[in-house]
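Quick one: this structure, given as structure tokens, is what I'll be asking you about.
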């Protein structure tokens, strides 16, 4: 009989599937083993090791690591004012860049999502994404030339009697706002797209002005997407050290971590804990605000 | 009703266990596979490749191409901007050799990152200037650790259109009042070793501090130098570590005066830029003298291509090549016979290759250590310099 | 949405300014790719076409490009695998710690690159005693690329109802067959978009790469980093950057088409299902 034949000759694949059948948690477990194993052991494990390294010290000449339990590095970070200045400066610029990008990104994203034709949308999406493919380093170097004393920015502002910012912390803010802008445009665009036009029409039919519609309908719905974009702008600024090095003399958290990485790994690790703590806090808040659906 | 273990919770337990294991591993950590510095006894056949770390301008096609043709060792070179970077790269154990300055060599030896060099296997070593042999930056406890490459002094360079009158002293960038005239247009070297430049300045201008060796500073002398640099920071336009960055900065007018190497000076004058450095009449140095470097090719203790490295070390100090090298960069060659090979017959004289009196005013980069040489050990060590540098830059 | 004429004009102006902001530096890069001098002065003293053929002939650049391709493809493949597995587990099952998975997956990309780089480098060289190589780079890249695949696929799986999969099971297909014939085709565009974004992230990544790459090889960003500091190589670097941007127009456009297909454009379709979802949101 046909069914008997089928039961007898179940393939290995079938038998394996039978093992999982009716055992959803085993299924979930098997699915998760790979990714979770990789992330927890490989990634979290590495972070944990870094955390431990923050408690070590280093011999001045040979640089040999003394593994132990010392709070020396944390004391240095707390007592020396320069580290507090650097941390505060990094966080300040990260916040500034995030706000700047949100403001710059919104009109473009809004136009792409709600105003542009199908073809216009395609062109704009490609136009916004394309800069991500040109090398980060080349872009920063281009900005260096733009901002230099004989560069385009000064040349353009001269007839107005103005002066470009030159190199410095302003330049860092400007360049980073530039670099991370696409990371803010895309989530906002996706978020705005998800708002059906009918909701907006309904608001207008009920008599709301465009500004009110924006404030009370669009903004609350797109806010999680803005937060999602801000995760990237904030964290990318928080850890960057190449841009500050190329367009300013300012030291960021990443600068000091990088400089101390080989000669004083424990101090570098201790300092690296700061952005970890800041970002975890940021992520927890972002998750609460619903941003994780919008990345 | 089937009873089954809860595989997902079990999975979490396993994961937690593995995490704990990782932490344990971290605690025990890896050994530093420190070979007790063995020298090569014989140079065998080339391994076909060579991986170097060097300063900008030290490894150029002009002399690597003939080397590759002669030995079959294909050269790949990583340019580092500071000695810190060089130490960092050498610690990875993935390079064969490095052109180390004095503020890196001691650290490399102490960290076991380099092996002694058997100078008998480098025939051209015999005719190297005796002044460069057995120096504290390339010979440790009587053991040779490298082959001298060449030496030079850090220059004071300025834009002749913007900086008038032509400076004769470092005070144009270090004296707070004089430096303020060029506020925002000063170029300083971005490395803790720059503190020594401040010490050289103070040696001449504040003799009561009693500074002798700008790399051996007690706390009082060190703090004075650090204070001077903190005051300088307000006037600095840019701290540079990449030569190309400084070249562009001078060419674009972002900086007008500062400390530099001959490499940048020649690139800029070659491109027709209006820059000048201390002239012959001043002995090529500002009145206080200057810091400088005497570089040594060192071989990694984990070199994968030791034979090629030895061949390179012999090649780079062979008369013709060392002459090319010195002329390209603009430094004094290490090889005495190179002086007959230079295009310009007066090249060696110009660069004081055979003039010990000149080098007396140059303080070669050294690694600051606690032992002060005169018996005491209260000098500031490299970690102090590194931390101070972070504080100086703010 | 009805906008007044003035508002519409202001909007268009804002978009124009924004796009100009984005593209002026890129145009500068393009101009410098034709720069006749080695020094980055403005305006460039002369123009030449020499750098493009030199860039293509430069064997280091070509090798670096291929290495970046290899690393990107490998990292993307791993990210696809792990991201899909994780998203299937999260979207189709309930278990202890489900909410934490999203957090865990996003961590590698949310934490600054220098933290990830230093941590991985430390683990590889100190704890495991493994030599750095392209493999370690791929591990690093794959780790932060998982999230882009994961998010795309999870979003997709959440929108597709499970009734198809249940029907397939009812008809006698086992888990793997259901996945292969029912679930996977529905996810294809999400996988494609995620893969392209993951590849882009890996291709231009420099910070984590600096800490995880061995000496013998270099990816394209590392090559660029090396050559930015050699004055006589600077224009070649700019030429290479221009070439890469031009080549990437095609995959970027493809990515857009894929995301459109999956119905991310609620405005375009205005489907009832999406409206229902949106009204259920707050």
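Residue numbering begins at 1 within each chain, and the chains themselves are lettered A, B and C in the order written.
Criterion: a residue touches a chain if its C-beta (ideal position, glycine included) is under 8 Å from a C-beta of that chain, and two chains touch if they have at least 3 such contacts.
Since this is a predicted model, take the numbers as computed values, not measurements.
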**OP:** Considering only mean CA positions as chain centres, point out the chain farthest from subunit C.
**Re:** B
**OP:** Could you quickly compare A-B and B-C and let me know which has more C-beta contacts?
**Re:** A-B
Subject >> Mean-CA-position distance for subunit C and subunit A (Å) >> reply: 13
Subject >> Centroid distance [mean C-alpha coordinates] between subunit B and subunit A, Å >> reply: 36
**OP:** Mind checking the centre-to-centre distance between subunit B and subunit C? Centres are C-alpha means, answer in whole Å.
**Re:** 38
Original post:
Which residues does subunit A have that touch at least 2 chains other than itself?
Top reply: 25, 28-29, 32, 36, 40, 44-45, 49, 53, 144-145, 148, 150-151, 261
Subject >> Multi-partner residues of subunit B (at least 2 other chains) >> reply: 8, 22, 26, 29, 245, 248, 252
Original post:
What parts of subunit C, by residue number, touch at least two of the other chains?
Top reply: 40-42, 95, 126-127, 228
Subject >> subunit C contact footprint on subunit B (complex, rising order) >> reply: 8-9, 12, 22, 25-26, 29-30, 51, 56, 76, 78-79, 81, 89, 92-95, 242-245, 247-248, 251-252, 267, 271, 273
Subject >> Residue numbers on subunit B that touch subunit A, as the complex places them >> reply: 2, 4, 6-8, 10-11, 15, 18-19, 22-23, 26-27, 29, 32, 84, 87-88, 91, 106-107, 110-112, 184, 233, 236-239, 245, 248-249, 252-254, 367, 369-370, 381-384, 386-387, 390-391, 393-394
**OP:** Could you please specify the touching residues of subunit A with respect to subunit C in the complex?
**Re:** 13-14, 16-18, 20-21, 24-25, 27-29, 31-32, 34-36, 38-40, 42-47, 49-50, 53, 104-105, 107-108, 110-111, 113-115, 118, 121-122, 125-139, 141-146, 148, 150-152, 155, 178, 181-182, 190, 193-201, 204, 210, 213, 220-221, 231-232, 235-236, 238-242, 253-254, 257-258, 261, 265, 268-269, 272, 275-276, 279-280, 282-283, 287, 292-293, 295
**OP:** Please name which positions on subunit C make contact with subunit B in the complex.
**Re:** 37-42, 95-97, 125-129, 131-132, 214-216, 226, 228-231, 234
Original post:
If you look only at subunit A, which of its residues touch subunit B in the complex?
Top reply: 22-23, 25-26, 28-30, 32-33, 36-37, 40-41, 44-45, 48-49, 52-53, 58, 60-65, 67, 76, 80, 82-83, 85-86, 144-145, 148-151, 166-167, 246, 249-251, 256, 259-264
